[in-house]
Amino acid sequence: MITAVSCSTNDTTEHNDIAAARQDSGVTWVRATNTTPREQELIREEFGIHPLATEDVLNTVRPKTEEYPEYTFVLLKTASLAAKETTFRDELDTDPIGLFIGRDWLVTLSVSPIKVVEQTQRTVIDNPQALPERDADFIAYLIVDKIVESYFDVLDQLEIEIETIEEQIVETTDADVLTSLNEVRRELLSFRRLLWPSREAVGVLARGDPTQTRAITEKYYRDVYDHLVQLVELTETYRTLASGARDIYLSTLSQSTNEVMKTLTVVATIVLPLTLVVGLYGMNFETMPELSWSLGYPAVLFGMVVISLTIVIYFRRQNYI
Amino acid sequence: MITAVSCSTNDTTEHNDIAAARQDSGVTWVRATNTTPREQELIREEFGIHPLATEDVLNTVRPKTEEYPEYTFVLLKTASLAAKETTFRDELDTDPIGLFIGRDWLVTLSVSPIKVVEQTQRTVIDNPQALPERDADFIAYLIVDKIVESYFDVLDQLEIEIETIEEQIVETTDADVLTSLNEVRRELLSFRRLLWPSREAVGVLARGDPTQTRAITEKYYRDVYDHLVQLVELTETYRTLASGARDIYLSTLSQSTNEVMKTLTVVATIVLPLTLVVGLYGMNFETMPELSWSLGYPAVLFGMVVISLTIVIYFRRQNYI
Amino acid sequence: MITAVSCSTNDTTEHNDIAAARQDSGVTWVRATNTTPREQELIREEFGIHPLATEDVLNTVRPKTEEYPEYTFVLLKTASLAAKETTFRDELDTDPIGLFIGRDWLVTLSVSPIKVVEQTQRTVIDNPQALPERDADFIAYLIVDKIVESYFDVLDQLEIEIETIEEQIVETTDADVLTSLNEVRRELLSFRRLLWPSREAVGVLARGDPTQTRAITEKYYRDVYDHLVQLVELTETYRTLASGARDIYLSTLSQSTNEVMKTLTVVATIVLPLTLVVGLYGMNFETMPELSWSLGYPAVLFGMVVISLTIVIYFRRQNYI
Amino acid sequence: MITAVSCSTNDTTEHNDIAAARQDSGVTWVRATNTTPREQELIREEFGIHPLATEDVLNTVRPKTEEYPEYTFVLLKTASLAAKETTFRDELDTDPIGLFIGRDWLVTLSVSPIKVVEQTQRTVIDNPQALPERDADFIAYLIVDKIVESYFDVLDQLEIEIETIEEQIVETTDADVLTSLNEVRRELLSFRRLLWPSREAVGVLARGDPTQTRAITEKYYRDVYDHLVQLVELTETYRTLASGARDIYLSTLSQSTNEVMKTLTVVATIVLPLTLVVGLYGMNFETMPELSWSLGYPAVLFGMVVISLTIVIYFRRQNYI
Amino acid sequence: MITAVSCSTNDTTEHNDIAAARQDSGVTWVRATNTTPREQELIREEFGIHPLATEDVLNTVRPKTEEYPEYTFVLLKTASLAAKETTFRDELDTDPIGLFIGRDWLVTLSVSPIKVVEQTQRTVIDNPQALPERDADFIAYLIVDKIVESYFDVLDQLEIEIETIEEQIVETTDADVLTSLNEVRRELLSFRRLLWPSREAVGVLARGDPTQTRAITEKYYRDVYDHLVQLVELTETYRTLASGARDIYLSTLSQSTNEVMKTLTVVATIVLPLTLVVGLYGMNFETMPELSWSLGYPAVLFGMVVISLTIVIYFRRQNYI
């Protein structure tokens, strides 16, 4: 589906076909989504876009900015954490969106309708005077900015997951915590794989390399770039926090095993010698003089108490109990 | 074995010898495989190729692109996972293929016949008009593209192996899982060793450094380069997943040992004191008043139940059971 | 709240409004803190400051230096360790401060009043002759220098925390030590995230890239840069010390478990066989000739002593006891 | 000992002294080994070589290429694994060799006679026509090539050692494997310390930076450089394999301890309760009605079988046995 | 304390004050140590040295080379391992020394007298003709060379410490080894923090960037640079050896725990069932036919031997004993 709009500082007009929009004054913005091969061909011919570029939008290529003589091609992806995890490749729900920025035209191409594109459309149509200079590169900035802003929601979710795990780890050595932790680590890995090339792609625009980005817009892309740097940094930090959480989990487990072994050792070291003593006087030898002593039984009980106390004191000194 | 073809936009002609093919109009493509030293010499003389370059194709040198004044030498390798692993060096089955790209000629040299070369030959012969501009660098691109595409099959196999291991790890602490895991890590290592220099080699073509690559073909090599970047990235990610799987394996093992120790400690702590009690009343002292009490036996049984329950409650509170 | 001061080599005058201060001779220094949107707009208009820059001061953006044609924007943050840790993002109390350095003017903008700005103000007002050349970039240096100096207090606190942990680790295997260690690691992580971009930001000033920094002031920024390099380096070193401390903790735990197991094994290996012996002579067979030997009982006791000593000697040789 | 040879395309003449060799047509090659201080001075004066350079050959400096106006100084080292390891520094037997490459002269300087230099000498003397162009830089290439070739023998030995260890690790948890593994890791470390600077040193020649290396020889040095890149890469890979082997060793150990604990727990959990039961009926209470039941003994035996089976089934379900 | 010397190729004269030395022919070398603020000011004024530079010598700044228009400032540090370790910052005893290299003058400034400066002074005074060209940069080289040479003593000490630990680790699992190991790791860390910036500082001189270093002296600084590269490399290698030693320690500990558990399991698995058997025939049931069999007792003893042997054989097959 293709929608063509021509926007000048005074008004915004929707057109039936691309050619009409281009002839109107102002910037031509073509929004294409869920396109047929015929529609793709139409756009390619009208703006001289390379087939390899439109192909990239429809396949799962990593975010990038590519400079062509007549336009700049920016490929980004929207992201949200998948509700139910299946395989590694699907952990992060992503939707690619291609921005073709020309001198006085902009084409946005996506497989499915992208929410931030629709939001930007409303901004441009409703508040035409709010835009400092309504040019193709500034409208593209509005979209890029909103995409990157939405990444912070993903990051917030990941932060909550990690802090939940960190709280659980102090309380339990349950193996489920480790499974959750591994899931977060995989999500962070997927998110990082999205952020790194996105940062690079926006960096090209922020440095103002392409001829289609004006000096006045560079500052705005630099602002988005700062956000991507912050996102990358926080993702790396959360990876380290996840590593630390795993270390604590393993230490807590070792600590627990140590405590368990101490308990067993203390019990066995106290009870086993006493059992030997009572076994001794359970022997059936005909000649065992102690057995006929009238105070033999209380003496043995007293001896057992002495043995127990000695062992208890020893372990107390060793900090076992 | 040497096959010479001359391809122009209109038709493709097979020739008996290289010289004839070169005189015909259009691009000359010489396909050499399983060559005799004499045939190698013939090619080297006809196109002025350096002996060190043809030598590289026959030895196990890493992928690379080398620029010579008259031609560009691209060395790549096809890859498939070895069915039966023997030593580290043989884990990945690779076949080197050398592409010598001249102004209007292309030589493809390999030890054994390469499937993607034959596929490309058919494409070029059957659909001559399908190629935007039938030049040596574009035919070379078709081959390079197909080689890199085949790498995704290797990656898919590796992904399946890792996901199988991840599923097994949750269910068992069997040592076989770790052996499989190590095998995957070695395969990833071998694959990575292939991908890194390949990416670099294609990168040279994508940047258009050699004089033999035309501006129009650069974009196509850039597309292949993007695939190689993605392959490298996914390989690194799978390495991290493999690391994570090993961490989970070790944690699960520690967790299991912890559980086993808890079981032992609980059993011993309950049973050993009771055994002491019954041993006590198995002693043969002549004077043990309890033994003649009519309720002595039930009293002892009751005491044992009390002791057991106390210990059980204690361990429950400690989360041992 | 906005305060405007004009400072020349002879005297320093406080003005009611910005315009008056700019007309007076010498450098104009505008201190803005806790500003209303109206006040921000006033400053932006008076000095031609970009809205994205003032926005950065009010949000949580990482430290940076940005060059604009008419001024240089430096964003730094004061730091102190949070008394009570809540979430990861709040572990380090930071307050952003923006420095806008013009030819003959300086604007300092912050959300809440910054102590080092007030200290610098007093220095500038009280000792006008102490400054080598009272220009905007030098006054900015005084503030930057004091901010970086205060980072050393944070580092000293972190150092004390780590050394305390290292002392505790030798004495105990208590799990609390690990929790403290993890807290320090998180604080180091937060501090490092502050230092790295700050170093980069001051580096731009030390290299003298912006037109607003004079050759004479570069040396002073280089001095601050050296301090930031040292801070980064020490933070990395403390991270490694923390890693080492964790290794020691885990080793000590393993060592402790090993000792506990040795104790249990020695006790069980000595007592269990003896218990078997006494159990043997507790059997009720009618025909057990040893039971009626007059020296049977002492012989068994002697045998038990021999068995015990043999086992003890064996373990001594194994270095178990 | 100094030997001087003058080599032209037609013949190779041995000379008594350096001056005579230089006056003869063709390249002058001076081979110096096990030199006296007087001989070193003679060479330095004849060719204007800097004392710091000849000193480097005699000390243990890392491989490097240094460009002087009149000559290029290449320092490399032959390598073989020490038969008996003593300290870390001596693990790899290395012999430094200095190559001083002039316009039309070559000096090779070494402490002890180097086998590859003698081999090259024979090649140059016996097959003068085999060399494409007999110049100083090409003879130097022949020596450098042979040195790097010999590194592959070291690598093959290291590969065999690692694969032997990997096989042993699957079969045993013996501590000797770990000692062997650590030895290999140290050898790899030493070898890596040799390879990295060698690669850099040959890289300078392959890029053709020095004025003494002709365009025609560059390709040959590039071939050697490729081999060094491959050696470095394989060394890094073997380091990772060694890391993986250690991980497997530790996992196998943990697995073994887990199995041992399960055995103990199963045995104790079955036997201890039964021992309690038999101890119970070994008590000497006067009133224990069960003791006089005629089916008391078989009933207890039956009860013990039931208890055993219950516990066995429980452990089977837990996958303990 | 300030000492001024003027050195020409023929003679070396000590002067009472700096001005007199500067007027004498040849290079002026001012040695300042343990200076009063007045003396520092005197030097600063005489040679135009920046206050921030002299300040750096007196504080604990990392080694560096700074180029000023009229002189080059080199800050290095002597190093020796502290006999008694206190805190991390004091593990390495370091003494800063500042070298200010002018066209025809040299100032060496230090807090306390530096041994290598005194040694250089004697060399310069005693053998004036030994120096190739007595210029400020060459005298500075003599001092820098001696400082770096002394670092090898520190490295040798660290090597001995590590090799001692490696020998101990094979013999014992004592926790003291780990403490020594951690100490060495900290020392390596401190030493590394000294070496990295020193290498960088000398690298600036070796590249000949400052105008005060002549082409003829560059080679000498390059020689020192090579030594620093070697020192850095060995320090990194020793860090890896220390990591390997810790791995072996932990493995040995795991191995020991595994052995201890095997011992306990073997003993318990043999003795516990036998104890059950003898307990069985210690029961007091009235009807136990076996008790009255004449061969009951020897039959039970034989059964116990059979049980024991079966278990022993089983464990032998499991490689437990």
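Per-chain residue numbering starts at 1, and chain names A, B, C, D and E are given in the order in which the chains are listed.
We adopt the following convention: a residue touches a chain if its C-beta (ideal position, glycine included) is under 8 Å from a C-beta of that chain, and two chains touch if they have at least 3 such contacts.
Computed from a predicted structure; not experimentally measured.
Under the contact definition, chain A and chain C share no contacting chain.
Take chain D out of the picture and the remaining chains remain, by touching, one piece. Superposition of chain A on chain E using C-alpha atoms only gives a rotation of 145 degrees, nearest 5.
Put simply, the C-alpha centre of chain B and that of chain C have 40 angstrom between them. Distance between chain centres (mean CA atoms), chain C to chain E: 25 Å.
In chain B, 250, 254, 257, 261, 264, 268, 272, 275, 279, 282-284, 288 are the positions where the chain touches two or more neighbouring chains simultaneously.
The ring of chains, read from chain A with the first step to chain C, runs A, C, E, D, B. Across the interface of their complex, chain B is touched by residues 50, 52, 56, 61-62, 64, 66, 87-89, 172-173, 175, 178-179, 182, 185-186, 189, 193, 246, 249-250, 253-254, 256-257, 260-261, 263-264, 267-268, 271-272, 274-275, 278-279, 281-284, 288, 290-292, 294, 296-297, 300 of chain A.
Of all the residues in chain A, the ones that touch chain C in their complex are 159, 162-163, 170, 219-220, 222-223, 226, 229-230, 233, 237, 240-241, 244, 247-248, 250-252, 254-255, 257-258, 261-262, 264-265, 268-269, 272-273, 275-276, 279-280, 282-288, 319-320.
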